[in-house]
Amino acid sequence: MHLGLIGLGRMGGNIARRLMRDGHSVAVYDVDAKARQALADDGATAVDSLAGFLEALPAPRAVWVMVPAGDITEKTVQELAGLLEKGDTIIDGGNSNWHDDVRRAKQLSEQGLHYIDVGTSGGVWGLDRGYCMMIGGDKAVVDRLDPIFKTLAPGIGDVEKTPNREKHDPRAELGYLHTGPAGSGHFVKMVHNGIEYGLMQAYAEGFDVMRNRNQASLPEGERFDLNMADIAEVWRRGSVVSSWLLDLCSIALAKDPGLENFSGFVNDSGEGRWTIEAAIEEAVPAEVLTAALYTRFRSRQEHTYAEKMLSAMRLGFGGHVEGKQ
Amino acid sequence: MHLGLIGLGRMGGNIARRLMRDGHSVAVYDVDAKARQALADDGATAVDSLAGFLEALPAPRAVWVMVPAGDITEKTVQELAGLLEKGDTIIDGGNSNWHDDVRRAKQLSEQGLHYIDVGTSGGVWGLDRGYCMMIGGDKAVVDRLDPIFKTLAPGIGDVEKTPNREKHDPRAELGYLHTGPAGSGHFVKMVHNGIEYGLMQAYAEGFDVMRNRNQASLPEGERFDLNMADIAEVWRRGSVVSSWLLDLCSIALAKDPGLENFSGFVNDSGEGRWTIEAAIEEAVPAEVLTAALYTRFRSRQEHTYAEKMLSAMRLGFGGHVEGKQ
Amino acid sequence: MHLGLIGLGRMGGNIARRLMRDGHSVAVYDVDAKARQALADDGATAVDSLAGFLEALPAPRAVWVMVPAGDITEKTVQELAGLLEKGDTIIDGGNSNWHDDVRRAKQLSEQGLHYIDVGTSGGVWGLDRGYCMMIGGDKAVVDRLDPIFKTLAPGIGDVEKTPNREKHDPRAELGYLHTGPAGSGHFVKMVHNGIEYGLMQAYAEGFDVMRNRNQASLPEGERFDLNMADIAEVWRRGSVVSSWLLDLCSIALAKDPGLENFSGFVNDSGEGRWTIEAAIEEAVPAEVLTAALYTRFRSRQEHTYAEKMLSAMRLGFGGHVEGKQ
Amino acid sequence: MHLGLIGLGRMGGNIARRLMRDGHSVAVYDVDAKARQALADDGATAVDSLAGFLEALPAPRAVWVMVPAGDITEKTVQELAGLLEKGDTIIDGGNSNWHDDVRRAKQLSEQGLHYIDVGTSGGVWGLDRGYCMMIGGDKAVVDRLDPIFKTLAPGIGDVEKTPNREKHDPRAELGYLHTGPAGSGHFVKMVHNGIEYGLMQAYAEGFDVMRNRNQASLPEGERFDLNMADIAEVWRRGSVVSSWLLDLCSIALAKDPGLENFSGFVNDSGEGRWTIEAAIEEAVPAEVLTAALYTRFRSRQEHTYAEKMLSAMRLGFGGHVEGKQ
């Protein structure tokens, strides 16, 4: 199939490559000429403007937008919308807020354009492992683009089959899914990331409890000097907590058990926050996902105003003066 | 009445003074001779050893132990137990773990001694405001010591009367209460402190949310530069969140709205932790009390191992490198 | 002063009465003719349409909107905006989302109208105790309406004075405050309610831990049958956790210590949710305020899908079958 | 090697079978004669009393205790301790509290007996997949029993190798690990289960947020009817949240997407609670692991006393009456 692709960063470039490996024709654009040239060297048709896609792609066109920041995605989608022709499709494969998808799909549909939102998991490993995709939009359009998604997806691989899936969507086993109308792809990807925060925090807290078991202040005989790297590794085999995130923990700990190379400042992207907003809107208690988000907020501050307020009250009622320990 | 008192720190000294003001005879002991002399100057009988109480107090004796640390309390109680005579009473007015009370009461009862545990709230303000007391132990002994507790308690004051209290314990209105058998006094005081942690954290978070409303990163028109001191003060009148802790916030903020004089390192004493252990033992979810405790744990670390583990995973799946912001 | 007032429910009616008691002239409107008549009987000028205010009030007019639901407030404000004249003021005293205030103030200002948002705490007790008010809007307009706010506020009362307030806003001591531009009044009130959720949950959890200390499954000698009503009452005198909310706990427990009259279904109004959204927007960790909100969400469900998912996993890895206990 | 095994439940029986499959000689005991016979039929030497192990096993003996409840484990260990001879070893493979291990190891060592604690993960799947084991105790004894552990462990399997593990313990890759002195095996297993609770809750909350996206109260166009079974399945391929627990979710959801067969009452075993106690002892904030535990507590109650207290306060300040929704 033919696909246009905008944004040749780590994700975008590899998506193009994985498609070409499987015989698709890809036209690419990026503001960075070098990035365009690199893909051209790998076999892509490089265009030097959004308008260039009109000529480089046969109608009905499909253009995949894979740019990092939300505001540039918006700008790109709107610009494309002004250039494309009736029946063409814009695919947003980035990490957009699903509300933006709902709005854009409605707007583009009034122009006769299609809009597909693809939540994409797989990060830097996707070129080889494939991309797990959650796809929102009109069924007919998603079906038409199926060859693209099939190529990008990991496929069934050597993952053990889930029983009783005969009546369910066969695409799920291949690693991609039509989740519903526009917005639903990014909604599912958003929750995926919310879960990811919770899983990460669960491991992190557990290792913290184990690591701190060697504190001098603990009673003798109740102190252990546990080996984080070996524990992460042993859990990868046959334990209930085995996972790909644990694999990553084991890789990191084998190299640097004290994690001395990490500052401890942890960023959050929008999905973790939006997941909590969705939970609140639905009145669904989401304690763990929220706690995982707040830990990251706290990690980026030296001290909070809240903590100082606690000290102020303690001074007030108990005469406690708190110093740095 | 006659009372012996061990430990003339901030709390102990003022307890002795409040008792003497109301006509009680108090014999005092402290390892610090100066502290003993200061109370002697105020009218107390100072003894220079625990054994001295035997002569200074008429039988049956009552000796109030008011020493700060748990291990010194244990040592003092055990030493007293070896000196006192059948029918005498040891009162632990400190912040002991209630399990210790249960154990001690049982042990002392086998020697014919009585044991009373008094959870005392009021801190540095108690001399004038009185002490709110939660008292565990045998009813007969608590009743015999009633004049002591009545003097120490705040009394009914100008606090508005609660309706429908005719059938309830009249002591509660005066600010002291026999809560049940040994251990129950400190148990109730423990939960009191657990609640205190939760209340403090609720105010602290709220002020933090208001304080941070002036962040430059927020959209224009949605930024406010709110006055913390005035807000704390206005809430003291007629609002649902008025409380003594809020009074303390207002006092602190009037002097130092930025709380620049506080480091943000916040200590915790045992009661907050023991409250959570009790909750877990009872399978009672105590989200807020626990979160309040954990905030203090976090405040005393620069970065946790957990946070570094998060960064390690983020590097692993997304190539994210996190630096100090 | 002259004031128009729309919405004669519990809050609105009492606001009108408190103003009239202090000599203000109040014109009132409500869709319910009986409610209008009741206020007319108490001395108000009752008008039978929004347009009626134009005649009943001298220019520049001030009309206070005090209707319960957000969508009716919006409708009323927009309708008033179409009727009022340049220089007139609309006051929203309900529990609007502060984003709506920001939007409305901007819109009305383009028409030459003023908009003031007043966060009002005091509930059913306000007629006698006065209303604690947080007021957002243009300084000149807030200053002009000062006599209204001064009458409604509780005044200095017998609340102990906070030291060092000489350089701060003297209105705060009287129980009302100009918090900043439009929206800031409801923003501060929103956080007030967020804190209120946290405080309530802290008490609730503490009483739950105490109440459950009589479980038969606990070891003998570590079980207590504690008296909730007496404990709430004793804490009202001299303890660190004394507060108005604790007064309410004591009132409720004196009447019904088992709280048998309450179902345990707990509603939440918007402010608790919006506080968390503001915290997330600011990247301020708000663990306690969030946990307090989630508890209410959970209280309104028999079982969550999440809990069933946990059971499904437990069956999967351990063969555990979970029944009702 | 020769091994004695006590307790022929699901876990114990399969451990014996896996050992015999690999050529070890196993003597077994259980109070249930049928269970003994079943293992005898599979090739084990069945003994009909603990004392029977003395004859059935060559010295130095090793007896593995695999009984479900903590108090029976204690009784069995103490009884064995009275029967075994100097140099023999007791292995506790159950889910004991690690404090019990520390105590027992000390006690047995005074009798010249060895004590090994084995935290075992793998549940009902262990016979085929092998058991992931965390082993505490003296190095010499653990080394001597290595053939047993090696057989029980999953082995390297087809799990991808972690780079940079050359300098680390090679047993970890095989799925078993000597974690340190007595108690450390169960300590690590305890944290493993604590993490497991957190992971499970993260998935559960995420699916809850997705499931509830079809609520009628949500704005049209922002409602999705998402397919839980397909989403769980698609995430198994290439997504960041893939894990064995997710595999189990997918299996359960393929059969019963509404999870109608689950009541939602969720039990907790001791390890989740002990993990929190360890975290508190170490002053390590463990928000997510704690929230996951509390969710289970809450799931087992119809309504908490805490929730009723919230309603009581809401009635007090706002006149709110809360009914079942």
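To keep things simple, chains are lettered A, B, C and D as they appear, and every chain counts its residues starting from 1.
Heads up, the rule we're going with is that contacts are C-beta pairs under 8 Å (C-beta built on N, C-alpha and C of every residue); 3 or more make two chains touch, one makes a residue touch a chain.
On a predicted model such as this, the values are computed, not experimentally measured, just so you know.
Novice: Specify the chain most distant from chain D by Cα centroid.
Specialist: Farthest by centroid: C.
Novice: Where are there more C-beta contacts: C-D or A-C?
Specialist: The greater number of contacts lies at C-D.
Novice: Need the CA-centroid distance for the pair chain C / chain D, whole Å please.
Specialist: 47
Novice: Using mean C-alpha positions as chain centres, tell me how far chain A is from chain C in Å, no decimals.
Specialist: The separation of the two C-alpha centroids amounts to 39 Å.
Novice: Among all residues of chain B, which ones touch two or more of the remaining chains?
Specialist: 123, 125, 201, 203, 205, 208, 212, 240, 244-245, 251, 283-287, 291, 294-295, 298, 300, 304, 306, 317
Novice: Contact residues on chain D for chain A in the complex?
Specialist: Per the stated touch rule, the residues are 99, 102, 106, 121-123, 125-126, 129-134, 153-160, 162-165, 168-169, 171-177, 179-181, 183-184, 187-188, 191-199, 201-203, 205-206, 208-210, 212-213, 215, 218, 221-222, 224-227, 229-231, 233-247, 250-251, 254-255, 275, 278-279, 281-289, 291-292, 294-295.
Novice: Mind pulling up the chain D residues that touch chain C in the complex?
Specialist: Result: residues 10, 123-125, 200-201, 203-205, 207-208, 211-212, 244-245, 248-249, 251-253, 256, 259, 262-267, 287, 291, 295-296, 298-300, 302-320, 322-325 of chain D touch chain C.
Novice: Where on chain C is chain A touching in the complex?
Specialist: 240, 268, 273, 276-277, 280, 283-287, 290-291, 293-295, 297-298, 300, 304, 306, 317
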